[in-house]
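The following pair of complexes shares a single chain, chain A, combined with chain B in the former and chain C in the latter.
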Partner chain A sequence: MNTVRVVVALGRRSVLQTFRRPQLLAPLIVFPTLLLAIQTGGAGAAVNLPGFPPVDSFLSFMLAGAMIQSTLLAGNAAGIALAVDIEMGFTDRLLAAPIPRWSIVVGRLAGAAALGTFSAVWFLAIGLIFGVEIAEGIPGVLLMIAVTTLSALAFGTLGAAIALRSGSASVVQGMFPLVFVILFLSSAFFPQELLQEPAKTIAQFNPASFIVDAVRDPVISAFSSEDLWKGLAGIALVGFVGSVLSAGALKRRLRTG
Partner chain B sequence: MGGAGSVALTADLQTIGAMMRRSANELIRVPGAAIPGVLAPTIFFLGLTAAFGSLIELRGFDVSSYQSFLIPVSMLQGAGFTGAAAGVNLARDIEIGLFDRFLASPAPRWVLIAGVVLSASVRSLIPASVLLVVALIVGADFPGLGGLLLAFFLVMWMAIVAACWGVTLALRFKTQAAAPLMQAVMLALILCTTAYAPQELLTGWLYTVAEINPITQVVEAARQGFTGTITWAGTWPALVALLGFTVVLGGFALRGMRRTAY
Partner chain C sequence: MSAIEVDNLQRAFSEEVLAVAGVDLEVAEGEIYAFLGPNGAGKTTTVRMLTTLLRPTGGTARVAGHDVVTEAPAVRSAIGVALQEAALDPLMTGVELIRMQATLHGLDRAEGRRRSNALLERVGLTQASKRRVGTYSGGMKRRLDLASALVHEPRVLFLDEPTTGLDPVSRKSIWEEVVKLNDEGTTVFLTTQYLEEADQLADRVGIISAGLIVAEGTPTSLKAEVGKPRLELVLAEGEPDDCFEVLERFGQRLPGKDGKLVIEVESGAAAIAPVVIALDEAEIAVESLELVEPTLDDVFVEKTGQHLEGAADEAPTPEPAGEPQPDPA
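For the complex of A and B:
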């Protein structure tokens, strides 16, 4: 019970920290929103391409991509914030406290998950304001929020692993462009069948594609359990790899100081 | 009197030269200083061509490759980032107190700004050159010597505009935390144009914004050599647009400098 309180307190701290520092929040919301608006207007005619899935508008298609972009950036922001804590010595104080060590990382991840929920609601609101119809209605909306939240949690483990390994905020911040590499090599911005090689082939195996498709499915078509399971498997894979790397990095940090 | 003016001008030019050498030194002494300005536009160029390459199959999209269509935008984007970085570097100098020492020197205020801005202009050639090589490797058409010179000229001028914006914000906020604002505005300015598709294929709000955004003229002018032939009619609107931005943003930067100095 005490551990739960620690996780909740650290999670609350990380959310408040993000909202109090515009430089942490801006990349999560402003950048994906800006890109969503520009890409929707700039490549909107793509819905007329042969092979493009039937959608009401390009915004309907792009919404899931913007959400997952935001959660990837939330994972990166969580890593930056954790690295800042390490640099400032705050993590050392937590390590000296009578709390499980893993709760320090999980607290930060809880904050990342909360930001994932926030970004899901933000982009859903934008979509609904600009005329997107969620094909699966309220259950579809809830499913999108749940998958987006879980994906933020999973991507947060990768951010935490880099932060714990490097202990440097600038190193984690340097991973920022990697977010776009992952996105461009997935079906986040365009249907996989219409991507150019080698992105087309890579997107077939990129877990981000499965996650985006799971979020997109309730918007543009009838619910498909296959897409959902693939999405959840993608999240589980990313989360597992990130957790293993985080645990290893934390253990190394405790050993080497 | 004329002799004194000539000496003063020589001194001003020497100061500008020194500021530019200082900027170049950073590139030599700080490994990776040029990477942020190169990496982001390169990732965007490769990513966008991979994602949106099929757009050229749309009726009305008359180009041989999407790489040729997009590369001028990415080069201008690189200039935007480089210019914004000049603002960030100035904010850093203000934070550590170095800029106060520049202000205490007998150099005129405009000379200090000119040094920062012209450094950015020259540095913008690095991302532009890297991007061009990458683009040619992945299938962009060679724009010819005229197209190449025009594109580089516009890129350098765009970096001046972006640096004026960055300097204005650096002098206003006096902190590197203003970096996202410096970058985001330049990014929006360059992408809210015919960056992704020709004007006729843009949809919704972007169609209108791209039509009135003067930077659209710059994108179209820089694109000429890559997708067709260079004409004066396609070039002069870009020069007017960049001149306008330079006068306005340069004026803001000078005003900020005067407020900082007194």
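For the complex of A and C:
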């Protein structure tokens, strides 16, 4: 029972920390919002290309991409914050307390998940304000929020793994451009079918594509359980890899001090 | 039962780097034990092992009756830890931090709030408790760190260089709090590189150099090992230098520098009055008279051949005063 309270307390701290440190919050919200505005304004005519999914507007298509971009950055931010804790010695304060060591990482991930929920709501609000219609209605909205939240949790495990392994905020921050590589080699910003090789093939196997498609599906068409399961499988894969790497890095850090 | 029992504790970081080379020590319940040594001597590494933050590579240690390796969670429940450089989140407020610490130690919400408020009051931070820690002065941060370490009423408190970098007033405020805690029954294990801190606070001092304890005992006994107190006199102008006939009645003559007359005395401060009376009776005018007692640095020099870093320019002891003043909130 107390472990749950500990995870909630650490998750709460993580969220407060993000909202109190603009350099952590800006990448989650401001960058994806700007990119969404620029892409929607500049590439809006792309919806008329043959092979483009049937959507009302480019914004309808891009919304899921912006959400997942935000959750990838939330994962990176969670890693940066964890590394800052290690650098300034705050992690020692937590390690000296009688709590399970994994709860320190899970608390941080809970914060990332909460930020994922926040960014899902943020981008849904933007979409709804600018006329996006969610094909699946309220259940679709809830599904989008749930998948986005879970994806933030999964990407957070990768950020945590890098932070625990390196113990350096600069190293985690250095992974920032990778977020865009992952996104541009997925269906986040452009339909997979319209990508050129080798990006098209990479996007086919990129878990980010599955996750984006699971979030996008309720916006543009009737519910597809296949897209949802693929998305959840993508999240599970990222989460599994990230958790294994995080556990190994935590164990190593505890051993070497 | 001892609060801390350490037997041949070792920590190697590589084959070449042996940070702690085999420390043995025992700290009794209710004692203040100071670990004195220069930077890199192995103080912090020892504390990190005793607080379960670092696994020893050799030897054993028990804290509050629990083994630091096999019973680490029980050790963590029994200890409070305030580490070097007060590792506080600058974005949290004081009250948020201490309440989070209460949650980490399993206190329920109501009890956590009660103890947090009481401790903030105790360390004079109630008014500043809703401000972010990043706006606190160094002294306020240390006091908050200390309060956080106490929220679960630990049996043993570890303080790693609790006053490093603090001004004399803040240092004194921390010292007073440590003494008060000890009076209430808390065992305190502190590391320091300040001679005065060890001298003023500790019941016993362990001097560590290159990962080994080179001397251990009460400050008085350690200092007594390296020599006796001496009186250094400068006679008034025009007085003859041959007053040793008078002085030698009180102790052995030692070589002096800069025209000072030096004698070794047995009894420290108690020797001053008879010497002054004798000089007065012999109508010898004295410009200055100073009692110089051995310091822990002398002990360190005796044992290691080196001075403690900064021993010569160590900050002066704060003047005794009343209650610590809260920092401006």
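Just so we're on the same page, the second predicted complex is superposed on the first by the 257 of 257 C-alpha atoms of A that agree within 3 Å, B and C clash if a C-alpha of one lies under 4 Å from a C-alpha of the other, contacts with A are read in each partner's own complex, and residues count from 1 in each chain.
One rule holds for everything that comes next: contacts are C-beta pairs under 8 Å (C-beta built on N, C-alpha and C of every residue); 3 or more make two chains touch, one makes a residue touch a chain.
Since this is a predicted model, take the numbers as computed values, not measurements.
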| item | value |
| --- | --- |
| Partner chain(s) touched by A:Leu128 [first = chain B, second = chain C, both, neither] | neither |
| Which superposed partner A:Ala236 touches (first chain B, second chain C, both, neither) | neither |
| Dominant toucher of chain A (residue count), chain B or chain C | B |
| Which superposed partner A:Val244 touches (first chain B, second chain C, both, neither) | neither |
| First, second, both or neither for A:Leu194, with chain B first and chain C second | first |
| Contacts of A:Arg13 with chain B and chain C, given as first, second, both or neither | second |
| First, second, both or neither for A:Ala26, with chain B first and chain C second | first |
| Partner chain in contact with A:Leu142 - chain B first, chain C second, else both or neither | neither |
| In the complex with chain C, residue positions of chain A that touch it | 2, 5-6, 9-10, 13, 16-17, 20-21, 85, 88-90, 92-99, 254-255, 257 |
| In the complex, chain A residues that touch chain B | 22-23, 26-27, 30-31, 34, 37-46, 48-50, 58, 177, 180-181, 183-185, 189-190, 194-196, 198-199 |
| For the chain B and chain A complex, residues of the former touching the latter | 39-40, 43-44, 46-55, 57-58, 177, 179-180, 184, 187-188, 191-192, 195-197, 201-207, 209-210 |
| Chain C residues within the chain A interface of the complex | 48, 51-55, 73-74, 76-77, 79, 81, 83-85, 87-89, 91-92, 96, 100-101, 103-106, 132, 148 |
